[in-house]
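Which chain is which? They are A, B and C, in the order written, and residues in each are numbered from 1.
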Amino acid sequence: MYHFNFTPVFRKFPEILSGALLTLIISSLAILLGFAVGVVCALLRTNGPKPLRTLVSIYVEAVRNTPFLVQLFIVYFALPTIGIRLTAVEAGILAMVANLGAYAAEIVRAGIEAVHRLQIEAGAALGMSRLQILRHVVLPPAIEAVYPSLTSQFILMMLASSLLSAISVNELTGVAQLLTSLTFRSFEIYFTIGVLYIVLTLLLKAAFQVIGFASFKRWRRLGGANLVFAPVQRFRRMLESARNA
Amino acid sequence: MAAMVSVASAQTLDQIEKKGEVTIGVVTGVPPFGSIDASGKTVGYDVDVANLLAKDLGVKAKIVPLTPPARIPALQSGKVDILVATLAPTTERAKSVMFTMPYSAFQQVIVAKNSAKESSLKDMVGKSIGVPRGSPQDVQLTGMNLKGTKIVRFQDDAAAAQALFSGQVDAIAIPNTTALDILKKRNEQGNYEIKFAFSEQPNSIAVRQDAFQLHQWLNDFLYNIKLNGELNAISEKWIGTPLPNLPVF
Amino acid sequence: MFGQFGWHAITLLLIAARWTVLLSVLAFALGGLAGFAVALVRTSRSPVSRTITAAYIEIVQGTPVLILLFLAYFGVALIGIDVPPLLAASIALTVFSSAYLGEIWRGCIDAIPRAQWEASESLGMTRWQQLRHIILPQAFRISLPPTVGFLVQLIKNTSVASLISLVELTREGQLIANANFRPLPTYVAVALIYFVLCFPLSKYSQSLERRLHVGRQS
């Protein structure tokens, strides 16, 4: 009968926490950059010239239909053969940004397309330039509408960072694997790491809620009654009205 | 059936000489110590040692290929009289069989580009060594606290080799047998090679617990082939490195 | 650039890809059955049942697939069984699928307007009859796009099994790349095979969505 023994896990907790910190740092960086890439690509897809639109389409479909692990291996193991050698952390972040960027591009694009034509025409009537329209009339409601999808994808990316252990990064999963072979308490360690990932997930969700409150006036107006899925209802209603208009 | 077994087994030197042949069990599936070649013959380091010992006994060698779990049972049941089968002489096993001094060893080696000049762990300052995460060599190297040497951890041997071949690490630390396997599989000629070994896990010959005469003779045999270089030649042939310093007991 | 990467390597990759397909089908089928149960319990009238399944879904969705894989691998080893990687991967991906499909289908059941429930209740139907004749058929229709979309995710996630040495497509690619030192064409070939498996399904999911005129689920 296997006896569960968590004391080795607690003794190694400092190492585990440093791994979790690295996960958080890498993920935050990748989320920021990936979001930026996604917005740019979404704008190119909806407002750019045809060749750019096709290029972005190819990029998005290629990334979304291939596994992240393979993309990671290409960046870390294969790129050096054509002269691009990145450190493990650099390669990991690059792969994460490229991956998240493609998903974010699709999500934000849907949000942009859902912005009612009348809004854009109103902006033009007010004498706004194309760029100003995008910045003030299109993007803010677009992002607010897809905020739940977007933040879900961000959290998925943070979870996917566990694969960076396969290219030698000592983030949370990497540390876990190392400790497993040192202490042989595999089940206890992976259980603890699982709990930590759930904690990180909840932390990120809370952070995104706070950011949402700070960024979206509508959330503040709705006060405490605003839970994450309220924008979804509004988004769906927006789609319906756009379809029926 | 029991009668057949007792006739087949032979433990004293007299019995072996009378039979004219000695049954030696070797392991398969552990290249280069024991494996099956393309024509179905059992070949390897262990087989060479087995043939050598039969020759010294002055009898024919009957080589019996065994899978790892079948080794000790085959010896105990009399199916074979001697095991030259890459057995580590653990105290647990020593409760059931008698071990000679070691005759081979799994070595941990450093593999790097041909052009690399390092010849010992001390030379690895400023370099990175890739290892499979949590492997014996990982634990050992990390415990050594080599100043200025970075230990980089990957999922397994294949991933570590990938890192070496794509230049992400300067060298990797893997068992010598795995090293040979990986280097052989690469079609490109000789860009990488084994630089040096830095640790050993020895293997011994085993006989039944009451085969005192045979045990004594085998130790003497091993002592001699170590002295005259024959065992070293086998090591060079199958593993590509000279015989390491094998402990004796 | 292609050097020694040729048809032989591609054949090996395609042969290894059968494990990718097998694992996906297995996890989708078993996970689908479990996920269906999860979805039903998640929408039951008992708040206790709802909370338990909600917690299950949150926990599985909040854990990386790799960790699920290791837990399955070491967890089964605890009962003293020698765990083949395929078994561990199947268990992990089945649990993964059950949570995600459960959540997707729960969302589809929830999307059916309250009026449908009320109308069928006034006709005297029991909860099971309501589900069987009114709710589930409608929920099924709108569940197709995200379900097919999830299948794509599942196929991609089978690549993680390579990290416990299951020799499926990604692992085979690693082994070949080590032998021929052509990681770029090798991994691109691996990616292409995944693409060929996933892209048609992605497109199908999108066309299903268009045909159903359903708003995108979050």
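What we mean here is this: a contact is a pair of C-beta atoms (placed from the backbone, for glycine too) under 8 Å apart; a residue touches a chain by one contact, two chains touch by 3 or more.
It should be emphasised that the depicted structure is a prediction, and the values quoted were computed from it without experimental measurement.
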item: Furthest chain, CA centroid comparison against chain C; value: B
item: Per-chain Cα centre nearest the global Cα centre, belonging to chain; value: C
item: Chain pair with the most C-beta contacts; value: A-C
item: Chain centre separation (chain A, chain B; CA means) in Å; value: 49
item: Chain A-chain C separation of Cα centroids, rounded to whole Å; value: 20
item: Between chain B and chain C, centroid-to-centroid distance (C-alpha), Å; value: 44
item: Contacts with two or more other chains, residues of chain C listed in rising order; value: 163, 174, 177, 183
item: Chain A: positions in contact with at least two other chains; value: 73, 77-78, 81, 165-166, 177, 180
item: In chain B, residues with contacts to at least two other chains; value: 155, 159, 162, 166
item: Contacting residues of chain B [partner chain A, same complex]; value: 130, 133-135, 138-139, 152-155, 159, 162-163, 166-168
item: Residue ranges of chain A in contact with chain C within the complex; value: 2, 61-62, 64-71, 73-74, 77-79, 81-82, 110, 148-149, 152, 155, 159-163, 165-166, 173, 176-177, 180, 186-187, 190-191, 193-194, 197-198, 201-202, 229, 232, 235-236, 239-240, 243
item: Chain C residues touching chain A - in the complex, by the definition given at the top; value: 58-59, 62-67, 70-71, 74-75, 77-78, 152, 156-160, 162-163, 170, 173-174, 177, 182-184, 186-188, 190-191, 194-195, 198-199, 202, 213, 215-216, 218
item: Contacting residues of chain A [partner chain B, same complex]; value: 73, 76-78, 80-81, 85, 88, 165-168, 170, 174, 177-178, 180-182
item: Interface residues, chain C side, partner chain B - complex; value: 4, 163, 165, 171, 174-175, 177-181, 183
